[in-house]
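Note that chain A is present in both complexes that follow, paired respectively with chain B and with chain C.
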Partner chain A sequence: GLKTLHLGSCVVTINLQEIQHGFSEIRDSVQAKDDNINIRILRSTESLQDTKASEKCCLLHHLLSFYLNRVFNNYQTTDHPTLRKLSSLANSFLIIKKDLQLCHAHMTCQCEEEAIAKYNRILSHFEELEPQAATVKALGELDILLRWMEES
Partner chain B sequence: DPGAVVPAPQNLSVHSANMKHLLVWSPVILPGETVHYWVEYQGEYESLYMSHVWIPSSWCSPTPGPECDVTDDITATVPYRLRVRATSGPRASAWSALKPPFNRNSTLLLPPRMAVRKDGSHLVIELEDLGPQFEFFVTFWRKAPGAKEHAKVVRSVGFPVYLGAMEPGAVYCVKARALVRAIARRSAFSQAQCVEVQGEALPL
Partner chain C sequence: AAPGTEDSPALLQYVKFQSSNFENILTWESGPESPPDTTYSVEYKTYGESVWLAKKGCQGITRKSCNLTMETGNLTELYYAKVTAVRPGGQPFPKISERFSSLQHTTIKPPDVTCVPKVRSIQMIIHPTPTPILAGDGHRFTLEEIFQDLFYRLELRVNHTYQMHLGGQQREYEFLGLTPETEFLGTIMILVPTWSKESAPYVCRVKTLPDWT
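For the complex of A and B:
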């Protein structure tokens, strides 16, 4: 069912179970294409897990935009079922991003220096890789982001 | 006539009830030829970030009939653009687009069908299975002046749900409505159904 995300003073309800189910159906095929197994873009310990409650909303907002702007639309596949699952994930992320934008409008999703620094570290890990390899890795690591959302 | 243009499908519309979405259109008639249809869709994300990308529908690429169940394609509560074209052999029509785009939050939510019965001295309800996105808000009461109304949210269906114990000689009524959180909407209540418990009413 639905999950309520407590992101500091921003609270949003999302269909996390549906998103997790959708990703689980493409995870293995995506991760199988990742040749850079010793590099990690989303590092649980360094970036996500120790995020303060007040920073969570800003970091998630930036990560959602990252996936919407640089990952979902650059992942190359001719497999129609995968394309459909990606569409489902992307449109679900779009809804969550809209909800966070509402929080931002109501000043409950403010960005502090630490959250921006954390996001920039993630971006630099992403940009270390060749673009298509980075896209594959970032998509394959979506379960790290979803687990963090589940714990929030 | 192998050279004739294949006309584009017309009159696209979506019939949506209880989160089942059926795209329909007028058939393309080409005497002596076999016509197939191809359905594609874009969610709001594709429209905004990848407008050149159209995704083939799960069940209708191609399909012989002038309709397509797009329920498995419409998986988020955002506007979806849908389009259809007809083909006959190697020839294809232009695409016809559904206007305006479809959002599943416009689906018609109907009162749920239910079966109310007694199991010994217990009031029991069984609700139709409308899919994983549905929950049901059930209210039940003893038919008597000033009787209190009880409520229960039922999330899993397809088997009997025990609502509570009943007193002999009393009449108990139940009604239910469907709830879909993914679109933040609910149906009207069903008609109340009542059952009477045999036996002598207990002295007050």
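For the complex of A and C:
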């Protein structure tokens, strides 16, 4: 179930299958709340796998922070199983982020222009939407981010 | 009148994709109050796009399924489909599917296997499974090419209490040390851990050859 992410010189091992499995249990209910299917936040043009190897780590680090700070904790639901899943997903993201910070400490997670520009574009797609709708859409697109990670 | 209201009774329900080895079929059911002469039209689109595209061959049809394999064949994309039901003289009644990703939603069919009995062994040859997904060079991707972590699990039932197990990513296996002229039950499954997918088993009942030596 472990997957090794090759992010330029930064190499981290994560349990992607566990994260994918966790998300799959809330995916349909979250995506069903996304009424605006004409818009997509995580677009192929800004994907992780189409990013220069040396900047993948930075982009992923920003995306993990985005999900931790702007999505997981802002998603409104009274459904306790969903809340537990979100907490588990957030913990998994925190672990990956900690590994990426180690890379940063070893100068293998440099942020340059391309990663910052891509992240800002993703953020602008997110901020075009009404806040709660944006949170629902971003959470519903977690499978896209997980596939980017799987293919990188 | 809004769909599904009194003026526009539910003519349609359970719009969903049924996907098996990347053959993606949209299916739906008529509503409790839809007359037999209700017709259906199908559209589809990529998630994030605003334009719906009409599916040729599924416009004004009476059957309740439509093959969208080619239209939903990009593995990295997510899709939606919409069915619009119309009864003569009535309001159109549209209903949209859930977001569809063939990687996530497709189920895996049992593998295609040739079981070859010998005197003291049984060989099992698993054939690659082609899918409708076309590669850039025009060849059809196999399941093995799409799912990097796909592997096979083989079991040979010797008797009620004893089974032999083999497994891996290669395609040829041989169960050795068997008794001649004895019947065995072989089962072979495909597993894809990353996507938590598991096929139904392919089953072969084989009898080892007599030992004339």
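Here is the rule we use: the second predicted complex is superposed on the first by the 147 of 152 C-alpha atoms of A that agree within 3 Å, B and C clash if a C-alpha of one lies under 4 Å from a C-alpha of the other, contacts with A are read in each partner's own complex, and residues count from 1 in each chain.
Going forward, a contact is a pair of C-beta atoms (placed from the backbone, for glycine too) under 8 Å apart; a residue touches a chain by one contact, two chains touch by 3 or more.
Just so it is clear, the structure is predicted and the values come from calculations on it, not from any experiment.
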Superposition on chain A - do chain B and chain C clash or fit: fit
Chain B versus chain C as contact partner of A:15, first or second or both or neither: first
First (chain B), second (chain C), both or neither touched by A:82: neither
Contacts of A:24 with chain B and chain C, given as first, second, both or neither: second
Touching partner for A:95 - first (chain B), second (chain C), both, neither: first
Partner chain(s) touched by A:69 [first = chain B, second = chain C, both, neither]: first
Distance in angstrom between the closest Cα atoms of chain C and chain B, superposition on A: 7
Footprint overlap on chain A, comparing chain B with chain C: 1
Chain C - residues contacting chain A, complex: 45, 47-50, 76, 78, 80, 96, 98-99, 101, 103-104, 193-196
Residue ranges of chain A touching chain C (in the complex, touch as defined): 1, 3, 16-17, 20-21, 24, 27-28, 31-32, 34, 37-40, 43-44, 140, 143-144, 147, 150
For the chain A and chain B complex, residues of the former touching the latter: 1-2, 13, 15, 18, 22, 68-69, 72-73, 80, 83-84, 87-88, 90-95
Chain B residues touching chain A - in the complex, by the definition given at the top: 43-46, 48-50, 53, 55-56, 58, 61, 72-73, 75-78, 135, 155, 181-182
